[in-house]
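The structures considered in this document are given below.
There are two complexes below, and they share subunit A, which is joined by subunit B in the first and by subunit C in the second.
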Partner chain A sequence: MPMSRSLVLKLLSGVIVFGAWEVAGRIPVSYAFPTFFESMAALVDMTVSGWIFEAYVETLRPLIIGLLISAFIGIALGLWVGLSNWFDWLVSPIFIVMQAAPLAALIPLLVMVYGIGLTSKVFVVCIMAMPVIVLNTAGAVRNAPTNLKEMGYSFLGTEQDIILKVIIPSASPIIFAGLRLGTSAGFIGAILSELKITPTGIGDIITYSRSIADYPSMYAAIFSIMVLAVLFLNFLERTERYFFAGNVRGYASD
Partner chain B sequence: MIDHLRNLALAATLPIAVGLSASAVHADKIRIALAETPSDELAAFFVALDRARANGLDYEWTAFSDEELAIQAVLSGQMDIGFGTPYSAMQRTKAPVRIIFQLSKLKFFPVTTKKYSSLEDLDGEPILLHSRGGGTDAIANVIEDKVGIEFGDRSYVPGSANRVVALVAGQADATIIDLSNKNKVMRQHGDKFNVLPMFEVDASDEALFANLDWIKANADDVQIFVDALLGVWQDMNADPTVIRRETDPDGPIGQLPAEILDSLDTFYAEAVEGGLYDPNGGGRKAAMADLEWYSDAGQLEGDPSTLNIEDFWYMAPLDAAMN
Partner chain C sequence: MDTHPIDMTRSATNASAAAAVSVRGVSKNYGQVEALRDLSLDFPRGQLTSLLGPSGCGKTTLLKIIAGLLQPTEGEVEVNGKPVTGPGPDRAFVFQDFALLPWATVLRNVAFGLELRGVRISEREAIAEQYIRNVGLAGFEKSYPHELSGGMRQRVGLARALAVDSEVLLMDEPFSAVDEQTRRKFQEDLLGLVAGENKTFLFVTHSIEEAVYVSDQIAILLPRPSRVSEVIRPSGLRTRNVSDIRRDPEYLDIVDRIWASLRSYVE
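The block that comes next holds the complex of A and B.
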């Protein structure tokens, strides 16, 4: 029963949002704002013609490379930051500044250093995704329950045992929360880089559709990247529930 | 439960309602959407604005980061008059938006390294352009049609100045850039690059457009504005130094660095010589050229001869100003 109710509520929230979109498009709030159904028709056209798949091959490349780098290096750095005060003082400020930096304003600097190719775009994804992963991981590791750690030591656990068997499992919900937030930020970074550096992939569909006033295609492209981001986040949540069953503690909702 | 639903409905409709009421408020000032921040290219436009203000026009301007945003702002009614060439928006969205004045012509030039000396040499060669579907992309399409070649890979770097940087840095061998950047690069690196011979283009690069209902409801203001623009465009064609002389030192152009202000005379002398600004504000000739050009470029659908100028231009203010 609770499952079906949650499904109904989720569907209802979709109906409310898309319904409001349809109504706003029909008023219309702007000549540049298409209805929900027009946008979906454009999405179907792009899917049938294969245009959107070609675009995603372009967009996903910097996104996946950037997210993999951010996840692996970010979690490793976060663990280290959480475990060592010295390293915390040395590294944390960099990520706090990165998180607070107005990235769009820094893009010309990145382009100057790394050019207009893939490297700059991967950097934008990393700058968006990594700070939140590092800082969340570090916070979770630092706040691992002391009583569990002491119990581990009293059972003659080694430092490695404590990290692998106590700290990481207890920190996993927050680490995954950081990964999910980092992934969302990475998606934003990927699109930002395609809009601000050189228009390729989905960024190209958005700018091109806008320049020829094909607004339904523009909103369809934006909608598709949002759907992809949600699906990817869902996948992460499922991964978390699979690997850390019983330790999710309410962070991964479904 | 009902209370919750009511709150939810209120929360959902409030932003829309606020947005609508904000755009429904008619300010006394006319709101102008610029497609770029004030620069040397906009100096003549600001001189016209100053003259219009002296004749009683009250205005405020907002600079958008690109032309498409300025167009969207006018389509949404957040701005009254915008910069750009919104032909595809006019045709596709059926928005009652009309062009009233051609600000500048699409004078762009293919600039290449010494490897190439004619447009035919660019067959199959990569080229650097502004953006897909944009003005330089359109020029590339028309070059392909007229010369009978096909460019190789097209890559996109927005901004003529940025494409010049890429060209000088050796990241590209061929690009299409605007008049002032072409002159600049040829002055500084004339020994390294060629400007390929190009056919004449009369189509608009930037034009002034607004919602037709708004134009009719504010006919007096629009007339003052178009009169001022036409006056400045004619004066400038007779004597380009008028722009520097009439630039308000306290205005947005007057506040630009001294080097830019000092180069205004050269900029406008070269622009007038290159035919960038039509002393007649474009009018029917520009409208015909635009329909043909933007159809060739793929921004307008259908045979240009079947397209109706009245669906894209509103000539009354310009006709009145010419008389």
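The block that comes next holds the complex of A and C.
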């Protein structure tokens, strides 16, 4: 029965969090903090009117493009960095700096170079998402167990076999962890770019609702993007479980 | 009971005709650590040679050099008269630490050697299933390594090496984690395998009894830096019935002699 028990626990934690939100909204903690039910009502309104769907079409475009670029290029770069010392020396510092850079300060620069359109927003998502993907992938590849690589060579694996059938699968838990962190950071980047570059999509709902003091709508938008991020992360987890069943359930090397 | 120190003057052609694997003057240093020093040994074709020696004396190192996974600092290894430059289809390795892929099922692990050789999936799985049955793991084809006991994992590694059907089997303590009953059964199976197939077995073990029971030739290694101190051939035992070997006076005699020469290092 562990399935139904974990479901009960999830529901319970949901009730506690949303209950606390409702209570905080009713006290109220701040004039600008609506209750849980007000926010949900606003969310239903937005859904019925279709406003939120239009917004997501706008928001998801740079987000998905940016995440796909970050995932593919990030993993490819990470593999290369992990496999070649020379490339590691050349590329790693860039991503370490990128990870530490204050993004908000970079946005004006990006806008100056790439304008206020889609390109800049995709860049923001990539800057947020890519470093952790690259660095995680590289680390995992570098630390792939020597004994498994030796085993592969002894059974006549080619360099390519070892990379595809030993190194990548053994690195996959950490690569996926990087993808999850990168995805969360990408969501932050997408919203940040809509707040800092041009208000479109969800960023627009947030900015606009705040300007007319429609706080329930503002929180509904924030809530919806959080739900979406969680769903997305769940999807990633499922993908990992599907491809690397033995990895997720444990390790043979005690 | 014939014992002879290794004869270094034997001519190369003569040696390579009889020996499937010959190791000549191999030294191996890991930085400051001198693991092997000027080690020479011939492994006769179709026979089982045990490497017996204290822990850390370089048995795994020697096996990996023969497998082509490590470069010797000095000296060379020949397999079937050809110098070893890397891994080859004529050798299969059973790893001391099993080296199983944790994300792959037992079936895929056992078939992995064949997979890397490009054998079609249906064919290699049929072969793998056969060897899974042979090592007594039928019914566990779909299990993952972490769901198996240590001894079962070890048998997966064994089946993987057997499945590629190499001439030379490099077995690094292949029975160390199985229980005593299974161990005895495997030792008998191994004797059957040595007798029935024209394969050459290199067998690392810590157990004097096991070495005497299964070997055509036992090489006793000294502690680091390792050389062969003695080669013992329990030849009389190989003609006995497997169930009588442990009662044979020659068996007991050789076990005692090996213990006598090793005990000085275990103070």
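We take it that the second predicted complex is superposed on the first by the 248 of 254 C-alpha atoms of A that agree within 3 Å, B and C clash if a C-alpha of one lies under 4 Å from a C-alpha of the other, contacts with A are read in each partner's own complex, and residues count from 1 in each chain.
Going forward, contacts are C-beta pairs under 8 Å (C-beta built on N, C-alpha and C of every residue); 3 or more make two chains touch, one makes a residue touch a chain.
Treat the numbers as computed from the prediction; the structure is a model and nothing was measured.
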item	value
Partner chain(s) touched by A:155 [first = subunit B, second = subunit C, both, neither]	second
Touching partner for A:147 - first (subunit B), second (subunit C), both, neither	second
First, second, both or neither for A:22, with subunit B first and subunit C second	neither
Subunit B versus subunit C as contact partner of A:54, first or second or both or neither	neither
Touching partner for A:45 - first (subunit B), second (subunit C), both, neither	neither
In the complex, subunit A residues that touch subunit B	16, 20, 24, 29-33, 115-116, 198-199, 204, 207-208, 210-215
Touching residues on subunit C, where the partner in the complex is subunit A	64, 67-69, 86-89, 91-93, 95, 97-105, 112-113, 115-117, 144-146, 148, 153, 160, 164
Subunit A residues touching subunit C - in the complex, by the definition given at the top	147-148, 150-158, 161, 165-166, 169-170, 172, 244-247, 249-253
Complex contacts: residues of subunit B adjacent to subunit A	12, 16, 19-20, 68, 71-72, 75-77, 86, 88-89, 91-95, 97, 131-134, 155-157, 166, 171, 298-299
